[in-house]
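Following this line, the structures themselves.
There are two complexes below, and they share subunit A, which is joined by subunit B in the first and by subunit C in the second.
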Partner chain A sequence: MREGASTFSQFKTIFRFLILSELANKERMLAPVMFSGITLILLSFGVGDLPKDINLDFYNTKLFVTLILALSLFFSRVFDLDRKDGIHDLMKTYNLNPFSWFAAKFALVFLVSWSTCIPTFVFAKLFSGISGDIFSNFWQTLTILSATLAGLTAMGVLLSAIVMNADSRALLFPVLFFPLSVPVLLAALHCNDHILQGRWKGLSDGWLQILLIFDVTYVILGAILFSETVEA
Partner chain B sequence: MTLKIDLTFQVRYYSIDFEQTGFLSIYTQIGTLVDHGKRSHSMRPHDNVLGGAVLEVTNLSFGYSLGRQILVNINLSCQGGEVVHIKGSNGRGKSTFIKILAGLIRPQVGTLSWTDDQKVMMPFETCEYLAAEHNGLNDELTAMDNLRFWPSLKGAQVTDPLVLKVLERWGLSGKLIQSNLTIARFSTGMKRRLALARVCLSNSRIWLLDEPTYGLDTQGLSALKDMIQDHKGKGGLTLVVSHEPGELSKLFTNTVELAG
Partner chain C sequence: MNFSIWNGLGRLLLVAVLYLWYQSIFVLPPDIHQGEVYRIIYLHVPAAFASFALAFGLLGTSLYGLATKSPGSEFASKAVAEIGFLFTLLTLVTGSIWGKPTWGVWWTWDARLTTTFILAVLYAGYLLLWSSLPPGLGRIKSTGILGILIAVDVPIIYKSVTWWRTLHQPPSMMREGGSTMAPEILSHLIVSIVALTLVSLYLVWRRADNLKTEWMIEVKTLNQLGA
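Presenting the complex of A and B:
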């Protein structure tokens, strides 16, 4: 045996453990995808054909609203594993750097969120009736989605840790999560609207900055406050 | 005053004074930032002799509600090579006491210090804890995955042959492991054996075992006795909470009765 655990090696160990657990229970990943698929189909068939300019706005709105609802399902269960069989308590008795714990959770949720994000994006495009290549403005869209996911993931992990031991966590999580996700959601909506209308350069008008500011704020808040929540 | 004590600890030694509200939290944050990745003293290889671990508990009191103290003025002093039996009837605070020793609960009054080779430590630096009601196992993963995880968190590079050797000692090798069954398929006793195998692999100097015999059959009890005997022989300190210690009672060197 070689002794001595650095923050990075603890991060790797926890991340590997979390990935293995995630892959072992595919239901956790599939449930949000099913939710987004069904919601988008219902919205598309329920609303029917719309004029082109309204259709673009509707597509954008339903994409992000569905995405955030589907992701909230996933975020609210981020700490299900830790609550099993005293794993969380046992981790607290180890010499664990809270930052490596937060970083591992963040990395896992950010990665796995794409398994919801990509199908939601594809479903939304398929059922929107918008003409054009699905991969047009690929890099711009990828940037906005990454920034959106980063902010939401940091907030989702932190709030999930806060409500982990609450009896009414199923109610408490959405009550805290949705108001805090509004700035990110609004900024992402406006940024994507610019992209859809081919005005990528117009993003300097402030929405991209707002999105990035909230990303940074939420990630820093998550990293700082996570240690307080897990030690409580 | 707290800040002054903190700085002293960073330079010379650590101790926990639970009467200083919030001290543990402050220590944990500063200590984590300063010390992380630099420690190399928390564990030693299996074949080395453990030793020098000393636990001192002075006037420790704790109560979940203001009106009722379940632990009152507990004093305890023990060192490596001892097996301490903590006993008492239901609700006397045995599990609470061992959780305090593991660092999961803060006592309201009193002091607690762990020293290791004359260096004062935090509980998580030197202890391995086994809860009474939980095994700390992820039932969606295999036994190997679970046993690789915990030692790795402490920085130990656990090889598969070593894990298999420990599993074999606990009667969990063979087809069960080879077929990669998840823990969900294991019985209560097998899960307890795995949890004890985790303690065995950790190689910490101090073991805090809360009802370790729960769910174990005769062979499991025998393996547990051997495990504690080995640990004792290497100079490790074991604290055992148990209502029915059975054969284990032959190993006890000290008994603490919690009267409440």
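Presenting the complex of A and C:
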């Protein structure tokens, strides 16, 4: 990489590089999708038909819990490719701006997370037998899912970097990720519940604010603290 | 000389806490609504306060560690996390003992209980991360970042009873319009909180000192083996 390149050009180069290496390992994207499909089938089969009001609650819980489990599979291996190919060490030797590295990783993980999120959303809707168009409240749902993914991605990237050098990182990641994702998950559940009930305007009761506050907090903490993990 | 002064302070704190517990169990009057079972709040509330305060202590030692990269900060952080974990468990156990006669169950998935349980898991996760990383700058930085993330969780626990419909009663000490507690209960509770917080700080200091001594012995032994 050119010495003294701007933060944005560093971001573009790293992002392109990360996308190419992610596309060369498609199983990394497919594994969380397959996991969410199997989990949703098992949950739906195990619980069976439910009364309409309970079914809506169960659908909402099932959607977000499956999503968070599937995403944790992907987040826990965010730096695996970098470690395997020695890219992490190589990038440390360049005079890279850690912020552009974090931003590129965040953008990549955010985009790839959608490849898990969209099928999970479609499967959950299909397997739950929820009546109504899958695209009803499309923009509202898109807003909530984007906000949820942004918060989870920022925290996932940061945690993945923290546990990267730990002996038992496969065990440690979920132990740390699930408790820390609780505020985002709860806020997302409540926001989506409002949307399902057709009470989008009721979101002013605070859940959307909580979701956005945690998004901003995790993104800022990620951007500030990522440099420490890189230098470690 | 210093050593004996700190030992004396420890004994003083122990006597103070035993005296406060004696007062809590035998001297103070029972509660009008809850009867004798309410007395556990003199241990439960101070333990909860100390566990939250230690999460902010962890934030402090983590920030200090990240800023100075001092090896001493990681011993302090580990000591804070260990004692924080201990006090969070104490909070959960005493809450559970109080919950059985009051709510009829040992445990329920109430917002405050769940978020406090999450704090215990986070402290445990912090200790696991600390143990699974090799000593050095990498560990100071990685655990330092996690310490900051854990502190972010504490305001959620505190606000959980007001954000969610919950079995746990809303804050009765620090609330708009003043406390709902009887003055003698409130004053004794405040003294208990101060005392147990001091005990937790004392334990942190002693544990950090032990960890540092342990590390120095390890380094000395390795140097002797190398020589």
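The criterion applied here is as follows: the second predicted complex is superposed on the first by the 227 of 232 C-alpha atoms of A that agree within 3 Å, B and C clash if a C-alpha of one lies under 4 Å from a C-alpha of the other, contacts with A are read in each partner's own complex, and residues count from 1 in each chain.
One rule holds in what follows: a residue touches a chain if its C-beta (ideal position, glycine included) is under 8 Å from a C-beta of that chain, and two chains touch if they have at least 3 such contacts.
Everything quoted here is computed from the prediction, not taken from an experiment.
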Partner chain(s) touched by A:158 [first = subunit B, second = subunit C, both, neither]: second
Touching partner for A:172 - first (subunit B), second (subunit C), both, neither: second
First (subunit B), second (subunit C), both or neither touched by A:119: neither
Subunit B versus subunit C as contact partner of A:129, first or second or both or neither: neither
Which partner reaches more residues of subunit A (counting touched residues only), subunit B or subunit C: B
First (subunit B), second (subunit C), both or neither touched by A:9: first
Contacts of A:229 with subunit B and subunit C, given as first, second, both or neither: second
Subunit C-contacting residues of subunit A that also contact subunit B: 228, 231
Sites on subunit A touched by subunit C in the complex: 155, 158-159, 162-163, 165-169, 171-172, 175-176, 178-180, 182-183, 206, 210, 217, 221, 225, 228-229, 231-232
Subunit B contact footprint on subunit A (complex, rising order): 1-7, 9-10, 13-14, 16-17, 20-21, 24-25, 81, 84-87, 89-99, 227-228, 231
Sites on subunit C touched by subunit A in the complex: 66, 115, 118, 121-122, 124-125, 128-129, 132-134, 137-138, 141-142, 144-146, 148-149, 152-153, 156, 163
List of subunit B residues in touch with subunit A within their complex: 25, 28-29, 32, 36-37, 39-40, 42-46, 102-104, 122-125, 127-129, 131, 133-141, 145, 149-158, 162, 182, 203
